[in-house]
């Protein structure tokens, strides 16, 4: 395929899965002629028709509820919720129905639905269009949570999500839509629950995902020039998360830094940090650290929004400070 | 007042606040003649009329949205959502409006609303009526989160919540409704953000709240007989949580055990554990631990539900194991 | 007497037998709950049996139904095994959901029953999705969504009506109007000219009938199911009825007039149709036998359920999810 | 010409001036967004001005309004200062929300403006709550909720209609029907006989008018506001209109016919009412002066906004919450 955008990679994955399996379909607002907020559905309605790329009313509860019903009854819907913020309009259906139906019904049904909820800041989208809510879904039994950081992953993980028989919360990052990367169109679905070590390093383990991967790698590069070797792990899947890879790395480096764009308090970084503290206490050479957004709504004004973002310099200085502690 | 139930204590607090301030009112399903699922509104409609104890349609989004509008416009609504599970039907309004309105509008408005979302297992209520979702709300900037464990606290904290100008998620525990305790009817509102040390101890700090306080105290007693002195901290308010009290205690004991009924993965215990690991790393004498429900929906069958509950014996054995580690 | 729409005394008689089974099942379930022989929420269907019986009698095995918290009757009407249901509400091994769901989640997918549901109106959005799947897969089935009058005030319910008509889905909405939303009179929290008008405002043809009259239900259902089956799009049936018991088995009952409840007996859908069966040549002895058979079947189910073992502890971790159901969580 | 309902040429002229201000404001806002001089989502109100102008002209300062994502026009119509609004959408200090809200959250509570809103229909549930507060506090105000045609498919919107009628609240619902829900033709995802029928199904009297005709809007609003103010309960106004620009300033516009859009100019509510004003004795020079004044006022606002400093960094942590806004979070 060559180099394409993150949005195009997602589009390709969906297209391939829809070609492969007639039970796969997508529904959401404005995914037809408009092709989705980032063109991630562009022209798919032309290819697959109005019954498989379904433009819906502004009815988030029913978008989600109907997808659950359709999933239980033998199809494989891909739900587009546009922004994770609007995912909250369907929180009940996601948590009380999608996540639990299989269990409550004693295994009689499966709910193979992909629930796309793009996350993250995007230039001035302000308080109601900028949230990263991954921590919520990780907390809910029954859900898989995926957060791809690269075009290749958005292709291979979306394929995996569509083929999964579990309900998958699929969180693309809005600021990644236009980023580009090499994508192998023939790539197999990526295994869920497998992290990628994006950069090897011996002094400190940096765990991140989604929109913070780029800045984390840049920071690691900068830290290297100050003599600190940072291993950067991209989790890719937040539930299940790749505890083995993280634990192996922390066992080697003795230091853990988790970086995410979501609010730090109660973010998924807390879970990783707690797990590492519980299980690798003896291996830790200094206190673990977390970096995330402050506990404020996302402000509109540019410099205020910028303050909510974890800056590469913050990552570097945290890494240096951790090395200095021991 | 003497000894009353947790439900009666809540009723008393609301009654007193409604007598004190005509702007206070309550709305929700079946809070009128029926007096709420636990009698926590019993006879209040008779006292205050249908305009201040408002029976609503089954319209969670609008129950919540209208309370927000009414709060912005000068009243102090108390929203009854019956079960935290149904709170998910109003997640959008809580997160995107109640929590953010003041901030987005640059401080022009306040949203003094109390959002009652009872949590926890209650004898066989199964997957859709048993969740403890406190971790979600702690993660949301703008919200206060309160979880009283005793009748006295349900009285004094509900008063505080009603007088707070912030939106407060107020989480009563369903299995506590009928528990009894001494309540001073004249008690002042309890300060938000202040924990209570329910039992002093020198070997280990146990942090808990809500429905797990009783079992934690019982476990502490049992541990004492095995020579382990457990300090039991009841957080009472989860946001803001009383970091000072917890840190002071852990600094003394060197050991942290967090116990909650919510699912362990991504629960609020992760945040406490991560904060302690980050800030008191040097003081820790062994790995911190968390106890919570497994990551499964809540099953109906009694022995399966029982397995989801943190048992006092588990607390004791965790405490003993932690002491043995060092 | 000649009956329209392919109905016959035999078919009505069979519906009657199902109604007896529902009644016996829920009279026991409520009692067992009050005696703490089982746990959780039990919502008795007693008094409303004609609706499930009349509607489900018009369905084929492949047709989906979705139900709500008051769901035992619909399952029985669609053919679920009362013994497996009883095991379920007792939380026992062998329950139709393995004991993991309980009363609010009884379902038998092998009979195309999508399940009871503990969240008001959520079963309706699931039902429209089922209809969408039917359409997409080119299947012959139709879908019936049962729900209460209280559900008509929940946004998702109203969205689902619009949705069904926008996509012209093969679904029949059945509103069981017992006048109450939990402990509140539905009329006191519901505005406008009525439930039928609400459905029509979304372009869905709607009928209103006496839901305590099995013949009326069966006739209306036969017509509407036929229309849905022949691709005419969604239809709506509004059936008035009476909820004899409390909202749930442990209801304190502070909100309604005991006299009103006492008056419900005169509407008893079972007694009414029994009278009609007698008038149409079914012997009293036969009806007595039917009652005894239903009682016996439920008694057997109860005995089985009370004696059955609980689910194995390992069941806690099964059927959570494929990816990430690891033991360390 | 004599006008009904207390209307006069002078009052219409004043509304016209407000419309010019709205037009100039949003024509600039859209442009500035396309030129990346400001950020985020900007939804232009261009073409719909008669609705906000005609309705808000009937309101008193204390009357609340709530709006939606396309909210600039409503704020201006209710009297908000365009300079403070411009500062806001530029994210600058002195913005009406301190620069923290942006286009989707403009509000001026001192003028009883509850704000634009980024979530479809949420402003409507907030509005019914405002009406409830008014009732509870025994105030004289009424509430107007503005929203688009697309909102009629969201559950909370429909719940709110029921709610308003159940409690007979002093609220006027105003649906601005521009035919589009974002990039989708609303008609393609909306079932039933129409928006008026939906409102009526919840017992709310509803009127439909040409929303591009300021006189029609003003007359209808005068009547309905009067009814609401005199305690007759909720009312609903359905106003058809045209959305000249993209759904938002960065719209790719792949979904609609350029010819259709070109045709909107013939409906221009500003041109139409300008013609009427000329016919009714207002001089062309006066109208020219109005246009120049509006342009000048917006130009000044832009100059101010472009030159203004950003909010102080400390603002990040203000107005989050009283309890628990500690720096360690």
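For clarity, chains are labelled A, B, C and D in written order, and residue numbers in each chain start from 1.
In this section, a contact is a pair of C-beta atoms (placed from the backbone, for glycine too) under 8 Å apart; a residue touches a chain by one contact, two chains touch by 3 or more.
Note that the structure is a prediction, hence the values are computed from the model and not measured.
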- request: Determine, using the mean of C-alpha atoms as each chain's centre, which chain is farthest from subunit C.
  value: D
- line: If you tally C-beta contacts across A-D and across B-D, the winner is B-D
Task: Using mean C-alpha positions as chain centres, tell me how far subunit C is from subunit D in Å, no decimals.
output: 45
Message: Using mean CA coordinates as chain centres, what's the gap between subunit A and subunit D in Å?
response: 36
Field: CA centroid of subunit A to CA centroid of subunit C, Å
entry: 40
Task: Scan subunit D for residues touching two or more other chains and write them down.
output: 95, 97, 99-101, 105, 117-119, 153-156, 159, 162, 166, 188-190, 320, 329
- prompt: Which parts of subunit A, given as residue numbers and ranges, touch two or more other chains?
  reply: 56-57, 59, 61-62, 85-86, 89, 92, 96, 103-104, 126-128, 141-142, 239, 265, 294-297, 299
Message: Quick check on the complex: what are the subunit C residues that touch subunit D?
response: 153-159, 161-162, 164-166, 188-193, 197-198, 200-204
Message: Looking at the complex, which residues from subunit D come into contact with subunit A?
response: 38-41, 91-92, 95, 97, 99-102, 104-105, 117-121, 150-151, 153-155, 181-184, 188-190, 252, 254-255, 310-311, 313, 315-317, 320, 325, 329
Field: Touching residues (chain side subunit A, partner subunit C) in the complex
entry: 23, 25, 51-52, 54, 56-57, 59, 61-62, 64-75, 77, 92-93, 96-97, 101-109, 141-144, 164-167, 192-193, 237, 239-240, 243
- prompt: Which of the residues in subunit C come into contact with subunit A in the complex?
  reply: 64, 66, 95-101, 105, 107-110, 114-115, 117-119, 122, 124-137, 155-156, 159-160, 162-163, 166-167, 318-324, 326, 328-329
Task: Sort out for me which residues of subunit B touch subunit A in the complex.
output: 85-86, 88-89, 91-92, 95-96, 99-100, 103-104, 126-128, 131, 135-136, 138-142, 239, 262-263, 265-271, 273-274, 276-279, 281-282, 284, 286-290, 294-297, 299-300
